[in-house]
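Let me begin by handing over the structure; questions about it come next.
Going in written order, the chains are labelled A, B and C, and every chain counts its residues from 1.
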Amino acid sequence: MTDFVKTSGNNHILELILNRQEKKNALTQDMYLSLAENIEKANNDDEVRVILIRAEGESFCAGNDLNDFVKDTNLDDAAPVVRFLLALANNNKPLVAAIQGSAVGIGTTLLLHCDLVYARDDTRFCLPFVHLGACVEGGGSRLLPALCGYQKAAELLLLGERFDVQEAKSFGLVTRIIEQQSAENAAREACEKISRLPPDAVQTTRRLMKEHDRPAVLSTIQRELTEFQRLLQTEDSKQRLAAVLKR
Amino acid sequence: MTDFVKTSGNNHILELILNRQEKKNALTQDMYLSLAENIEKANNDDEVRVILIRAEGESFCAGNDLNDFVKDTNLDDAAPVVRFLLALANNNKPLVAAIQGSAVGIGTTLLLHCDLVYARDDTRFCLPFVHLGACVEGGGSRLLPALCGYQKAAELLLLGERFDVQEAKSFGLVTRIIEQQSAENAAREACEKISRLPPDAVQTTRRLMKEHDRPAVLSTIQRELTEFQRLLQTEDSKQRLAAVLKR
Amino acid sequence: MTDFVKTSGNNHILELILNRQEKKNALTQDMYLSLAENIEKANNDDEVRVILIRAEGESFCAGNDLNDFVKDTNLDDAAPVVRFLLALANNNKPLVAAIQGSAVGIGTTLLLHCDLVYARDDTRFCLPFVHLGACVEGGGSRLLPALCGYQKAAELLLLGERFDVQEAKSFGLVTRIIEQQSAENAAREACEKISRLPPDAVQTTRRLMKEHDRPAVLSTIQRELTEFQRLLQTEDSKQRLAAVLKR
């Protein structure tokens, strides 16, 4: 598998570590596949009680690797990015994120599937899909309005501008802001607390919260992917992607 | 058509301007019809990429013209107010509002259908339906709890008291508060940004956010109207409306 | 009936007063039954326009009486706690709470069914179900994420830690914080305002907000109870309850 995703596990905590620092941890097909497989495996492994996702370097995740957008991308259920999104939506283990720097595109939408998000105070977010002539993915068109209300979601998705960690905290995407240091310790502490609780109680509580909306989230992901794929073929999108890649 | 609604269009932006200042832009049947027709037309006009709704004078909109309440109002789908509410709920173009002063009744509930709401710092809101012996309309019984949580929605709808722009911002109804000047420029700037983005990407993003809930919003509007019409015939409502009109 | 629930009614306001101060108003089977019957009766009594729930002593409610958890608890629809939860979910009269001190477990989840919550500034909340090897009840797995967003709900339910009244207000569970005095007067004032409004308009407004989600809330309550009962039989839960009872 790819070296861009490292894993580490002990004390019932599985760590998934993005490690493609020179590209601000932009996600490649191999990285999606590794993340998906690890999440799927963790769901079938009683030893894993909580998953921690974090990233090496100055940024959490700059989004989908832009070069992949311009390839003739197939987005059926076997496609790595699709498999990753479905693994996230079907995941039944508590998922904790420690983030910093940039969280862009899927680097933000994946957080919508997390339970707890610890963010260093320099974290900034962006959902720039419309600027690329594309649309939101990962269930964001359903999960984001549910989280922060329609008008805030519309602002973030229709204008596609950056927002900072205070704003993300104010509408509930971020659990806690960590001042002037990595969010890793706070996130790991939360993971340890959860790992010491009865796993059946924890996972049942989580399933009760998630299960009733899961079919709708899964079908939202599919609808978004259909539109995403269609939009990538439009002239507007091709031009905008070409312009960004030339930078 | 009525002079109480002015329109203006250029650069892909359709402006709908309430202009019945002597009545604080309270909405008449003619005004509803003009707004409805313009929104419907804009949805079939590729040139229109974003709709800006704003108002001349010191107030955005004092609500439904109270004299209309005491007439034998028919509220079927052809009724102007119903046509306006359905046009709002079915609208697929980004809808931006610039508001100031009073936003009362439908002057507040229509904002629930907007994407971005820019408010001058003097804006105050009220959903006084119960004080008239009536009930909320425009899908507010669904959209308001979804936006701000059940308890806040219950407070605003069951007590029917005024709330200010800071509160509206805190629960997500207002995108930005504009200090000591008209919100028109900020709203127009947002419209211009949206108008320069690929319209397919923008409208697809918006549809993904809206579509899954639209059937429920439409049936909520109908249920509310049935109750609204019934309540207007009660003695409690007739007395309260008469008392207000005598003021 | 039990002396641990007092009632008082005048001016269209029914007061339900928890009064088991020596146990911080932890709820017994008799108390659930009394609360359920009073809420059911109020729903069939046109004289009652609003229900006020409050508590004598320094705490609102310490939750379910822990001794009851270790008995062989039957949780079918006739069980007192189930009847209470169903009465809450089916209630059609405005429900106002005045709270102080501890609001733990069902002492917090019952607030999710209230319309207005007035809290003394010393109120602290806790949803410690996972620490007992159990899961959330009372529809909380649906109502809490709907109120405050998934990530905040996950934090409160998966970590099960205390939170204070400022936090509860920030995500909408608390209507108003009352500084340095009982919340009873503010709550009663709100009740009086509601009692002077046309009851048909008030109850219709409330039904419009509640009705569309009620079937889902009721089935959530049932799913939670099934899991709750199952979890209480696990070794993890038995050990944790025994440890807490030994304190």
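We take it that contacts are C-beta pairs under 8 Å (C-beta built on N, C-alpha and C of every residue); 3 or more make two chains touch, one makes a residue touch a chain.
Here the structure is a predicted model, which is why all the values come from computation and not from measurement.
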**Prompt:** What angle of turn lays chain B on top of chain C when you fit their CA atoms, given in steps of 5 degrees?
**Reply:** 120
**Request:** Indicate whether more than half of the residue numbers at the chain A-chain C interface occur in both copies; give same if so and different if not.
**Result:** different
**Centroid spacing, where centroids are CA-atom means, of chain A and chain C in whole angstrom** = 35
**Message:** I need the residues of chain B touching at least two other chains; which ones are they?
**Reply:** 146, 148, 171
**Prompt:** Any idea which chain A residues touch chain C in the complex?
**Reply:** 94, 112, 114-117, 143, 146-148, 171-175, 190, 193-194, 197-198, 200-202, 204-206, 208-209, 212
**Asked** Which positions of chain C touch chain A when the two form their complex?
**Response** 129-136, 141-142, 144-146, 148-155, 157-160, 171, 216, 220, 223-224, 227, 231, 234, 236-237, 240
